[in-house]
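Which chain is which? They are A, B, C and D, in the order written, and residues in each are numbered from 1.
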């Protein structure tokens, strides 16, 4: 059991645990923290996969900004304990079982499907980290247009948020 | 055992972490003393004076006091988070420091660089990552206390931190463009060399605007005066840590100072050439500056010991004198002097920044909340953006010129 | 240093995604439902990175980058909506926000 | 060869006039509208003259000279080009149409001077010219059909020109619908023609037809079918029995319209078509016979109705029908040239008659009843003289245009290759009646004492722009027929010779008599037959002339000598009189047999049962189904976000399953 495996399983368990906590926790803020935990674990996994830049972005943007926003809103709205109303029969009798089924299905597929195997056998080429320089080059050369598009998207999102959150005169 | 021998990294890292932790803790403790002294003198007071000579033992006393105080956990609070919050704050603050290289990477033990705990080649990003997490400590503290003022304080601080983090990051990007790398060592060594033979090629000169932005944003980021609205006594009692007492409170306290240190280190690295000496290498005598400095200190304390001090204080000062003189003597030994060189300059610069922090605190009044926000979004952010754009264009232009 | 097979990551991402789906259906609180979506996005990101590693290509990372950006935008707007809902309906329970129906 | 190579110019001119007036003319002063309309038509006429000049230089081998302008329709092997062509027949028609058309345009500027919708009128008129010329110059049946329907449209528009008058509107509709019935046959004929010759191009069709064995009386084939079907169209368009009923009503339109469309040009389109399709008709004796019979019957029948009409324009309308009958009779007995000849002369004198009648009506201030006129001879001399000339022409008094053409026809009917004594007889009697009712018209209108209130109506001669066309046409009515004059004195018949190639080109080998008849007529004058003098005498004293004179005298006796006689006569044979006076109740019969049942079916079956019952039933039913299913389905829209989420999950699972299946198959 070498180090990478240790790290991987530790993070994997953390992530899954976090996800489960996210589900069972009744306090929204606990869910939020659980999610942050998941993100952290994933960040570590990214580093393990050699994607340091993505890991950093994951933490800065996701954990550091998005989730802070969530927590902030939770605090702002003083969101209390989640009331477990159960009015949606379909969600109870079909949605959830199917959700779990999907879980198993996807996991099983990724594990045993020929795609999963093929990738596994490929075992991920050389383990040298992706160079951030190349990534940025790709981002600003090859994917320049989508990049600009996302910037527009964000601008729109900002405006939308402002309009929505504005006090109704 | 064989596991350890397999992974020397772990061993070295553990040792380094232990040492760093000790140093930083002490530094934190005496930083409080430093701050109180400076502020006191700014306000023409003596400041802590009686616990030890010049209050040198004051931090110790404070620490003890914190330890022995009753640790109250409000019954209505969210226990888990209430406990988690201070740990989060402090641990993150300390983790950040682990990324800081205090000296050149050349100095190695077991093939591992000595002056940095974890040498990541995108260190800066990671530092930001960690500082960006830092907000949770405050926010959660505010929330879990389950009481009005902490909640407001938490809200304020999280809002403030998010807002200023943006301009903080942006103000640094200019430097990144110049350096072309994310690793601290890269950035620092990029600042080697001199203009006209004696002006160091630090980023402060081309990036003066970025530096000012960074400084402002950094102060806000660490919730220090004049941006310390999260704990604005007049409005929110003590802000997010109102409900905290005893050691948990202490942890928040330390976290804040740790953040100060981190930010100062970052400023040093990014704008002031980290562990590089301000003087040309040709000036050999600079090797002996640390030793000389210590010796001077020793001389001063010796004089005090002999003339001013009375009673127990005199004994204490004698100890200080001995330490100073001894240290100075050791630092004069050339190999040691060589090794000490980097850390010496680094620490010196950091101390200058810390002094600046305290100075600001002693001088400026507190902002109003709306002023804070509008300042952050409407002035700081645009300016740092403009700086970034200009820098980018200039670099492009120069690159074109060849 | 031995390497963790990529399929491990894939399985993990699958599980996380599934949990995200379950949370998506199970949770009643709008904010947590949002989080469930974020969880799913994260799972997908993991898969992306894993595949990027598997084929040793950067594009996967670029995709992750974009996913993160979009998620941020989505969160901004979504949370604004949540705030508005809270102001108007005084509740975060999606089952109570049910005026738009037959 | 400018125009020969650019035939379209001739068409574009009137079209442009129509477009300009129609689109822009609304607020223009009448002067400009006149200018546009008349200049466009006159230019067209000049173009035609130029065309004729160029045409005269063509070698026979180059005729017909065609131009193919663009590929209009292409569907499989069904290919229609917008192609035009010129041959002798076309030339004749073009000259007639454009010239008469121009005159009538000029006349209209005077006649319509006080009418509203001035620009509309001229725009329609130009448009009509365009379509008529298209019809005449068409090089294939489809293009011809375009012109055919186009003139129908213009006729509809112009008959209903005073669209505030209920009678005008219904007259327009009647004209349109009745013609449609014939056009149905025409269309089917076209289809059949294409099916047979796998082309609707005249040249191609005729070449094909020439190779086919002609039908005989005993054995009728596809050619007969085509001919009869096409002839149906002609019946509708040229107002022959039994579809003539629309033409009298069409007199609701302005008089120039009646003159141009319902006398001179459009109604003759049928005749032109039959003549144009002569290769087909010549090979279908039964069809020929049918044409002859219909023509003769119509000639006689319409004439009889003409006797009792009191409305001056109605009289002319029926006379038009009957004259068209003569033309068909001519075609029916194989004397196409004679038919066309009569068409041309008829265009002159009948156009003139209508214009003159119009002038009379104009003078009488809108009065159309002949019994409220009389003694106008002095007041409006120009009109009187020109009308008299036209009457003499139509009555077939020797020396006038009508005489020559009608004589040709009756001659062919009597002694031609397809001679048929009964048709000849009908023709002769019809001729007599014609002259009778025409002179009746003249006498009632211009002679005797005024039967109108002279204080109310101030009779006045029409303005120059109306009288000048009258004079020109009068001149033509008198001398228009002289091209054929030498024939009488045994000389050649220029007109027939000019047209000869058109009708001889594809003449059936079996029926060489076609050519032989000319030869024969030439031979007759050659000397085997009595000498030229005898010939002249023979034709001058021939039955047509005799009956014409009889009719003239009878009319004189009844309406000048004994003005009270007609009434007594009418009393004496009251039944017959009312029968004829009411046009044999044909309209009523049609109404009873066709129109009312049709209305009844449409109302009670198509409307109440089919539409309300079935169609609306289907529509509403589907609506009800949709509504019902919707009201059930909308339950899904529970408003509970978690349910929606569940739906999404279901979909996701489905898709994943699908993917797994596919991937499983792939790998």
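Some notes on this structure:
Simple rule for what comes next: a residue touches a chain if its C-beta (ideal position, glycine included) is under 8 Å from a C-beta of that chain, and two chains touch if they have at least 3 such contacts.
Just so we're clear, the structure is a prediction, and the values are computed from it rather than from any experiment.
Ranked by how close its mean Cα position lies to the mean of all protein Cα atoms, the top chain is C. For chain pairs C-D and A-D, the one joined by more C-beta pairs in contact is A-D. Distance from the centre of chain B peaks at D, each centre being the average of the chain's Cα atoms.
Measuring from the averaged C-alpha position of chain C to that of chain D gives a distance of 81 Å.
With centres taken as mean Cα positions, chain C sits 36 Å from chain B.
Chain geometry summary: the mean Cα position of chain A and that of chain D are 85 Å apart.
Distance between chain centres (mean CA atoms), chain B to chain D: 108 Å.
Within chain A, contacts with two or more other chains are made by residues 3, 53, 57, 65, 69, 74, 76, 87-88, 91, 95, 99, 102, 105-106, 109. Looking at chain C, residues 21, 24-25, 28, 95 sit in touch with two or more other chains.
Listed by label, the pairs of touching chains are A-B, A-C, A-D, C-D. For chain A in complex with chain D, the residues that touch the partner chain are 87-88, 90-91, 94-95, 98-99, 101-102, 105-106, 109, 113-115.
For chain A in complex with chain B, the residues that touch the partner chain are 3, 27, 29-30, 33, 36, 43, 52-53, 55-57, 59-60, 63-65, 68-69, 71-72, 74-76, 78, 132.
Listed in rising order, the residues of chain D touching chain C in the complex are 634-635, 637-642, 645-646, 649, 652. Residue ranges on chain B touching chain A, taken from their complex, read 7, 78, 80-81, 120-122, 125-126, 128-130, 132-133, 135-136, 139-140, 142-143, 151, 154-155, 158-159, 161-162, 165, 182. Considering their complex, residues 638, 640, 642-643, 645-647, 649-650, 652-653, 656-657, 660, 663, 666-667 of chain D touch chain A.
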